[in-house]
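Worksheet for the structure shown next.
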Amino acid sequence: MGLLGSDERPRDVILGTLDDLINMARSRSMWPLTFGIACCAIEMMATWDPKIDADRFGMFFRNTPRQADVMIVSGTVNKKLAKRLRRLYDQMAEPKWVISMGACANQGGPFRQGYSVVEGVDKIVPVDVYIPGCPPRPEALLQALLLLRDKIADRELRYKKPREIPADYEIMAEPGKDGRIPVL
Amino acid sequence: MSQIPIPEDRHFRPRLFGYDPQKSRPWLERAVYSAYVFVFWLLVITTYAGVPALFGALGWDSGWGFVFMRALQVVLLFLLSAVLALLLILVLRKYLGKVQERFGPMHYGPAGGIQTIFDALKLLAKEDFVPAAADVLTFRLAPAVTFVASFAMFAVIPFASGWVLADTNVGLVYLIAVSTLSTYGVLLGGVSSGNKWALIGALRAGAQMVSYEIPLALVFLTVAVWSGTLSLSGIVDAQLGLWNFLPLALPFVLYVIASLAELKHIPFDFPEAESELIAGYNVEYSGMSFAFFFLAEFVELFLLPALIVVFFFGGWHGPLFGLEPGSLAAGALESLYFTLKTAVWVWIFLWIRATLPRYRDDQLMEFAWKAMIPLALFGLVLAAYMRLIWR
Amino acid sequence: MSTMNLEPVPGRTDEMIVNMGPQHPATHGVLRVVLGLEGERITRAVPHIGYLHRNHEKIEEARTYPMVIPYTDRMDYVSGTQNELPFVLAIEDMLGVEVPDRARKIRTMFFELFRLASHLVWMGTAMLDLGAISPFLYTFWDREIILGIVEKTAGARMLPNYYTFGGVRRDVHPDFFKEVADLLDHLERRMVDYEHLVLESPVVHARTIGVGVLSKERAIARGVSGPVLRASGVAYDVRKAFPYDAYPDVEFEIPTSPDGDTYARFWVRFQEMYQSIRILRQLLELTPKTGPFKGKAPARIKPPAGERYRAVENSRGELGVFVISDGTDKPYRVKHRGAAFSNLQIIPDLFIGAKFSDAIAILSSLDPVFGEIDR
Amino acid sequence: MSLLQEVWQAVKAIGTGMATVHKRVYEEAPTEFYPYVKPDLPPVSVQSLALVENEDGSERCIVCLQCERACPAQVITIERHRNPEGKGFLIDRFDIDLVNCMYCAACVEACPVSSIVTIQDFEMSTYDLRTLRADIDFLHEQARNSRQWYSPKFGVEIRTEDGRIEKAPPEMQPGGLAEILKPAEEVDS
Amino acid sequence: MELRLKQERLFDEDIYTVHPEDYRALCEKLKADGFDFPRAVSGIDTGYGLRVTLHLTRLHDRAKVTVRTDVRYENPVVASVTDLWPGVEWYEREAYDMLGVRFSGHPDLRRILLEDEWELHPLLKRYDTGGYPIPGWEPKAWPDPDPWTPPPPPEPEAGEAGEGGEAS
């Protein structure tokens, strides 16, 4: 990141370094929210068990969304839960990140054809890292957390740029064909 | 089978890892803890010996100079409590890791040594949120009240002979007054959050306080009766021959239990009760406000074991190896003894945290009112009687 | 509809309506209970479920019979292959498929392994609810060992899709029997520690004894099954009552307790783990090391038109499936009877009058798993 | 007396519990240092899917659509056309939606030629879901990047250093493959 | 009173097919017979109407019994047996939720898995997996002349796949 001879905007030495430091701190102190939904939640718990021990990377669960940084959506999100999930996401303090764990959270997985399942949690909250698998191994979750770590560390201060709700979030709120009242 | 190398050129998948396997390095962990303890010790020496010596040399040890000296000492103590919290959180996580057959934080910094610094920085930069239903002023005030109340206990803690900010002869009364205040912070925070879980947590904190404060005060009284003084330095001095935990065994046990309750520590962590009240009184706090609650909790986790040491384990007493009492070297050694004795008690508290489940809140109250208060009264009478006979 | 959303009673100021869940650390998933609290005492409790409803029964109507098996896995996700068994048994009944003896024994071994895994998860999370952190980590490590054994044979840790009509999908790994024997030795050592940490702990005694008492009559009428029913003194166990697979060949007891309180439910689960170890030890002796692992099932599964209700005793109680076939290769209707679904109905019975902290202990002793409840 | 005994019992039990916990300090932690040490997965472990080609680079898949029909989650999409020069079919499109796949390995069970196989690559997390739509090139590449894979018909196969595909030695094989692993002459006799 | 019912034996359980008006009376009789353990209540869309199947067990001698009754789509009302076996409360709610069977006398009949505002009864055969109506779906005719007797089992070769199955 040279100051000279670069096409990029010259980088502020002091504030840039501070940014880096804070992002480094954020990326190395990600506290997930205790929010288990389905099968993946058991593997999510297993990620903190002695065999994998994600606590080695400074992550431990906080029960309250205010103090959590990462929401791990570990399971199928149906339309009844979606409102709650969005609310939990809104309750989390900035900056915040979402990991979509498992097929169901990614796109509904094997249940995506069902009448009550939301096809992907990214319709409700913006997702940073996706993990395939049904359920993913604990190692896969740890890999995703480390991917997220790298994503955070490369960025500028997040709270300056609040996330945007996905464009099709509103589209989902229109009534369905058969008189079902969508719940979002 | 696991040695099959994964090819490097996976075009679309982000790659992460090119590190060598890491192993647990116990000597490194010990070095990290020792470094923290050393910094802590240095800060203690600077606060209690360095600053007065400096001001004395400059001739500013009276009038406004004295006030400045005390202010500087308080600033240093604040630094010291920050170091303490960083250390204790790290130790807690590493110790929990150890007893749970895993490793605590270990990949950031030497043996995970700067993990808590990252945590603190992150909390510093995190959004500090005030809920719409909250009473803003009280909500903002509560963490400060909690922290200041815990921090104020430092004033009367003697780290070595003469190494105390205010060697007042009403030290015990001050302690009772100040330690109660920290519960007010919890109460205010819980009630002002506008959250039902926080409210329940706050109510539990209040209920808990009225149950443990009375036996705690009775134990203070017992110690005062036995030592014949209300000053903490005097209490330590009175234990020169015999540490109090032997003659005052019953009050000592009661004091440990009451300390656990005052700390809101497992098995009595009802106001926080992670699995019941989500996070209890601090459920709505985020960012720095939460960090202050955290800080207060861990400062108390040092101070209450420190008080156990002061009251029952001879405070700073220990072999001086011929050093002249009152000298800087002797003071340093004494403060080290004090710190190490406290560390043992902190470890015991952490050990309890790692083992025990949580009681129900009414069980503590029942226990406090039906067992601890009569026993504390009995201990008081017994101590007074023994004092009459023996001294 | 007074209980719909639990409106506050007008003029009553001493009651606080608290919404617990779906994101509450002690709800083991996505249960939501709306509680009326008078101080710490619960005056009203209305459970809300359905936050994990993912259309199992509707989707399974659109799948062929072999395709349904991996879906059943996802119901009681803590106890893996146990869910597959009632469906497999029902279809085998309808088809008249013979299951080789060795396959039945292998199935039973996996069944009991997953019972151990499930009870270990229960123990860890129950102790976490009560406030103790360490047992959670210990039990999860033991569970990892079990899952490692399962993965080596079945190919997946939690939801292996291992049973099939007429037996199991593939033979056990050559190391399987030795590893299971080692596991049982290991578990027997660890159970001593768990007794110290859970059953003998005075704090656990204080929290659980006399809390959430469920009477025998109420338990039966509510359709409660599994450890919760047996803790109320009813020796009803599908493994004994309607034996299936290799259970007629092994000796075991049904632990029951007359107390019906939370501690009894803890105790019964502990004894079940001992019984599982006992069953597995017998099966280690009984199971032939080599032999057929799969009977002759038709390539295209098309049961004759008819219906069948089969039940097994999974970790939570009677897990039943009611399959209706219309003669095609897809089930006409699959109805799952989740044990936890029935067990969870007693929440209002047990919660009302209890302290809030007791409610947490009671809930953890019911051990709900929401994949099975909401389906 | 009984009260004292009760108190003593409680103290003893708490002490036993604390000793039980403390005992762990002296035991070695079973932690696998995951990102630094890859887990030792059994060869049958289903972590991802791949499509194996023959040694000469020709397609093993005969496009029989068995996997598509067997897939419970319905994530396999195959389009084919008749081979104008010989018999059989040619692949137009072979997609596996690894996002929605439930990794039950039903397709692998169904495959008559062991073309679709399971591999142990679980590190598939991604920033973008589009990376998980596996087309035939990706599936081939997954197989090419793997040194070993598993299918019920052929058991564990390994790719040797010089690019040949062989059956793995018996100690790498899971159970139930005795007849597959027998040497050819033994099968004949 | 003579109950309008038909009894069969299938595998190890007795199956009673009963007129919906007599369903409650039969259940009371079974309760008096000592069938104390409710296993499940299943709602089924048979193509011509809705069916409620109740599985019961007698714990002491492990006798199993299945009671089933058919109602029309137009008036899917079945008497609730929640007061006999409180354990069926949620199962009846589930059958209402999934199929729209209304249980008269149920203390708290509302949706259990889906949200209260929904109008969909998803397990009805007229909806596809996604909950959208299948175009051209028509209910089969109610069997005549015996209104409570279920129709004969569909012939497998008749090509009527996906419609009401019966055990014979």
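Each chain carries a letter (A, B, C, D and E) given by its place in the written order, and its residues are counted from 1.
Note that in this section contacts are C-beta pairs under 8 Å (C-beta built on N, C-alpha and C of every residue); 3 or more make two chains touch, one makes a residue touch a chain.
Worth saying up front: this structure is predicted, and the values here are computed from it rather than measured.
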| item | value |
| --- | --- |
| Third chains touching both chain D and chain B | A, C |
| Mutual neighbours - chains that touch chain B and chain E alike | A, C |
| Maximum centroid distance from chain B, chain identifier (CA atoms) | E |
| Most contacted chain pair (by C-beta pair count) | C-E |
| Whole-Å gap separating chain D and chain E, where each centre is the average of the chain's CA atoms | 43 |
| Separation of mean Cα positions, chain E and chain C [Å, integer] | 26 |
| Multi-chain contact sites of chain A, meaning residues that touch two or more partners | 49-51, 53, 56, 63, 80, 110, 113-116, 134, 137, 143, 146-147 |
| Contacts with 2+ other chains: residues of chain E | 114-115, 122, 129 |
| Residues of chain D touching at least two other chains | 14, 17, 20-21, 24, 29-31, 33, 35, 39, 41, 72, 102-104, 123-124, 126-127 |
| Pairs of chains in contact (touch as defined earlier), listed by label | A-B, A-C, A-D, A-E, B-C, B-D, C-D, C-E |
| Of all residues in chain C, those that touch chain E in their complex | 1, 3-4, 49-50, 53, 55, 57-59, 61-62, 93, 218, 220-224, 234, 236, 241-242, 304-309, 311, 318, 320, 322, 324-328, 330, 332-333, 335, 337, 341-342, 344-345, 374-375 |
| Interfacial residue positions of chain C with respect to chain D in the complex | 63, 66-68, 70-71, 73-74, 134, 138, 141, 144, 151-156, 159, 161, 169-174, 176, 193, 196-197, 200-203, 290, 293 |
| Residue ranges of chain B in contact with chain C within the complex | 96, 99-102, 196-197, 199-200, 203-204, 266-267, 269-270, 273-276, 278, 353-363 |
| Interfacial residue positions of chain C with respect to chain A in the complex | 22-23, 25, 28-30, 50-55, 58-59, 62, 70-71, 74, 77-78, 121, 125, 136-137, 140-141, 143-144, 157-159, 370-371 |
| Chain C-facing residues of chain D, complex | 9-10, 13-14, 16-17, 20-21, 23-24, 30, 41-42, 44-46, 70-72, 102-106, 109, 118, 150, 152, 174-178 |
